[in-house]
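Okay, so chain A shows up in both of these, paired with chain B first and chain C after.
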Partner chain A sequence: MVDLALDSAAGPSSRWTAALRRGGPRLWLGAALVGVLVLVALAAPLIAPHDPLEQDLMSAQLPPAWTSGGDPAYFLGTDSLGRCVLSRLIYSARTAVAVALVAATLAAAIGIVLGLVAGSFGGWIDQLTSRLIDVWMAFPPVLLSIVLAAVIGAGLTSVIAAIVVVDWTRFARVVRAETMVQLKRDYAAAARAIGLGRGGILRLEILPNLVPLVVTLLAVEMGIAILVEVILSFVGISVAGDTPTWGGMIAEGRQIVYQAPWIMALPIACIILSVIGFNLLGDGLRTLLDPVQRR
Partner chain B sequence: MTAALTVRDLHVAIGHRGSATNVLRGASLEVGAGEVRGLVGETGAGKSMLGRAVLGLLPANAVITGGTIQFEGRDLVAMPEPERRGLLGRRIALIPQDPMTSLNPVKQVGAQIAALLRHHLALSKRDALSRAEELLAEVAIREPRRVLQLYPHEISGGMRQRVLIAMAFACDPSLVIADEPTTALDVTVQRQVLQLVERLRQRHGAAILFVTHDLGVVAKICRTMTVLHAGRVLEEGETADVLAEPRHPYTRALLAATPRADRPAEALRPVPQALIENLWAEARRLDRQSATAMS
Partner chain C sequence: MRWGEIIRRLVVIPPTLVGVAVIVFVLLRVVPGDPIAMMIPPGATPTNIEHLRAFYGLDQPILRQFITWFGQALRGDFGRSISVHQSVFELVRARLPATLELALLATLIAVVLGTITALIGIRLRGRRAELLVDGGVGVFLAIPDFLWALILLLLFGVLIPLLPISGRIDPEIDVSLHSNFYLLESLLTGRFDIANALVHHMILPAVALALPFSALVARILKASLADAEDQDYAQIARARGFSRPEILLREVFPNALIPTVALGGVQVTLLLGGTVLVERIFSYEGIGNMAIDAVINRDFPLIQGLILTFAVLFIALNLAVDLLVALLDPRLRHG
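And now, the complex of A and B:
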């Protein structure tokens, strides 16, 4: 009986390779998309062929290089002010990535702490937190963001603040529910029986069980943060007007969509690929991190 | 020499004041130092509740309404929480009922044992892991070093129970509460586990309160036994005496209802309904008495 049980698993090194293989195409595709996005954002000044703000009205609305009338110097064409679309897309990735990483992480940190507290204390603390979440969720997030941007002024900070203020509820609600479920499990009682206090149980026993869930949520949240940033920059209350953003590019391209459809289509494609990338990555990581799924 | 555990006239009720149900009605028992006492009773007799009350693991809606629990002469009920937590896992340990769910599913076996050792004995990570390896060897797990790196779902139920037993004896406790540790295991593994518990008890010199509904198990390893029904102690004494000449009719009926290899199956008689109803009626009468006495 003892031997039977031991046959199934090998050492930790082969476990990692097995886990990576099992992550499957989702994980790899997601990691690749997110990886490219982050690399592009980091290396924007190095890989962008032009200054994203440099206008050249003589070569406005050039189509992509491979179509007739395209200019090889502007691989994805130019917009109505003659700015290089490729360079603008690349620089826009910086804003998107910064917002995604910072806002999602902060929202997760706040949500996890409040969720753990609400889920483990119960009683009026739980009631208070849960009602706060309910009220918060009932409020339209984009409207709240607009109000916030109006109050603290436009800029990266206010975009991030708006997303954090709205989206911590997503984490808090899920973490609270999962904490309650896990605390009812026998291993949590066993942890109490070995003399761990509330903090110790949450940190040592419950939190490790939340990791797969939180990582998935975090990746999805990064995708959502990108979308919120797009919406805010589309209506023009995101970062300063001269900083290129995908949302801003869509807004500009919308006016000339019949003459130059690529100006609007390209940022949309970037957004879709980024969000899909984060979602796939989250999915893949969940499979990778959950020891019970690692069979 | 003071007894390891003294429970006197313990009353526990579940539920709210108006609709509270008594689960322990003045149960008393004593476990001497190094003694193995069996606590037997049918489902709902309150035997697990008694074990949980000692560990402070009563469900949130259960309260101790009277009586004392003393561990080596110190009152566990009145003791401040941090002091009690310092005893749990170190001086008073639990072997939980269900080995399948009592280990944290997302932590490696070694990490779980090490966390216990580090919590109570302030060992370094490396010392804790090497001590954990010794402990696993002590509970007859082959290749302990490799098992340390496995997750609970990668080892069999019998092995998980051994791991839990190793954890219970890890800090040389003077009292171990075994809450039906063999119920979830099949018969062949049951015997190994019982032998193991007995061997560890002799080596570490701990007293054991063995909660079970299986008289066969009691006969095998308990020197003394207590019969519980409806939260009251019906009979207690040396196991050999009680089993040979039960004084209480309920104990006699319980023995007659236990299958034995040396008797034909037809000799089995269920515990008479009238006897059980009598006992419950008496318990309810006691409830009413105490209720009127209080008001």
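And now, the complex of A and C:
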């Protein structure tokens, strides 16, 4: 309660710091990691020392600059075609961030709508949605996205579509169950009593109560989307061949892992930091937004 | 009540499988790539191509193709692989044991690791070190199996070359076994040289699959243990003077096991799905690796057969977990 009083009295900036403090170290560490990732993606042309596609066969497979044989011009070394590893890592972040934001948002939108509809209408609509979810759960998700991406063909859209088609169930399942729970609460009955229709109750009463849950799922889903993009590009069915991706770099590095292990190690490190960032952000947001955990 | 739920689950299995089959079938039929174009030798005449298309039934309308395929599938005939020219059933039968053995080993490792971690975590309950255990579990949970596979490959295959990083067994070893369950058979028949080589190849992929799952087991089991420890019976046992480890093992652990199996068991499907990429990374000859090849080669019959195999495994696993929970829980056993 003291918290609340402070919040309303303080200006917007201190409200942010209060929120960060309440979310704990997870929230700010997660927000920082995700923030850096997004910044790197946005500013890629400004901060990348080289063109990520520029080949320099004379200086192929250079080790990182601080090791013996390294070239200060290529801080993290070069790959087997002499392309700058640092620049390729930076540009790969663009694909990762684009996929994470778009795919996770679309999967959430579809999942939330279907979950709300199934949870509130019940009856055969709920039966149909639940059976659909059953069928989806019987697919190995990785294999399904690989098949989908192969079917739709290479490109950013196909990667995004593969993720959305596979992952909408994550949102639909949770939202459906939560909608059913919330609709049984007194406040939903009260809303019905004052004459709100089904749409009104869902939009004005239920949806706001789902926000903490959905925001948390969304952050986690963004991490998952990054991983699926990595998987697809690792297998070789992601975006067009010359666009740098972390998964593609790993696949190339796997070929020459004995000669140049850093080429594989560096994108792995980037992926781990991004995924942990999104997970921490999700955890932190849940603590921040969930009124029960806040107390 | 619980049994009614299990019967309901049994009833929805056939429609679920049909649903999976229909979706895969339709998906594959809209593929732009033509599997026949990929397999014809140079200089084939249009008649040859038509002939091949007819041989694989690809000249029929989709609905007709599906009915034919489905009718044969019911009789155990899943068609012939287009890229490997063998019966899909035989291909899956030859490769499935490799995947099952890998998944089983991974599950065992995960259960042992996860249980130890949970017990350590619960012993540290309320201390600062508990946060450390929880944080570690969080990190292991966030990093998925295929990233662990790559990390382990780099660490123990390349930087400190301790273990082999590709294949199921060394090519120079003569494996003359009757079944394709190499590990089980070699252990049962006492051929420990083969078993040893197999396990060496399986350690890295199995640990990669096990790590995130062990974190999951640790998290669920620790939460259940904490829950059970706060119950009256545990408090009473403590009041009667039993030591904490004694109470943990005798009273708390058996009760915490039920929610852990119920929640964690279902997640074994995640581990099974993870074999697709982990097998690929370690060139392990299981059905996951074969599935990626099948997709790349647009081998429709093989993709269909493999996805259905995974679907059957997933559904069977879920059902097995339900049964196990029903057997473990005394209230459900009698009720």
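As a working rule, the second predicted complex is superposed on the first by the 273 of 295 C-alpha atoms of A that agree within 3 Å, B and C clash if a C-alpha of one lies under 4 Å from a C-alpha of the other, contacts with A are read in each partner's own complex, and residues count from 1 in each chain.
Note that in this section a contact is a pair of C-beta atoms (placed from the backbone, for glycine too) under 8 Å apart; a residue touches a chain by one contact, two chains touch by 3 or more.
Worth saying up front: this structure is predicted, and the values here are computed from it rather than measured.
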Which superposed partner A:Gly195 touches (first chain B, second chain C, both, neither): first
Which superposed partner A:Asn279 touches (first chain B, second chain C, both, neither): second
Touched partner set for A:Leu46, first chain B, second chain C, both or neither: neither
First (chain B), second (chain C), both or neither touched by A:Met58: neither
First, second, both or neither for A:Arg185, with chain B first and chain C second: first
Chain C residues touching chain A - in the complex, by the definition given at the top: 12, 15-17, 19-20, 23-24, 27-28, 30-33, 138-139, 142-144, 146-147, 150-151, 153-154, 157-159, 269, 272-274, 276-277, 280-281, 288, 291-292, 295-296, 298, 303, 306-307, 310-311, 314-315
Chain B residues touching chain A - in the complex, by the definition given at the top: 55-57, 82, 85-90, 93-94, 96-98, 101-107, 115-116, 119-120, 141-143, 146-147, 149-151, 153-156, 158-159, 164, 167, 189
Chain A to chain C touching residues, read off their complex: 131-132, 134-135, 137-144, 146-148, 150-151, 153, 223, 227, 231, 234-237, 250, 254, 257-258, 261, 264-265, 268, 271-272, 275-276, 279, 283
Chain A to chain B touching residues, read off their complex: 1-6, 8-9, 11-12, 185-187, 189-197, 200, 204-205, 208-209, 211-212, 290-292, 294-295
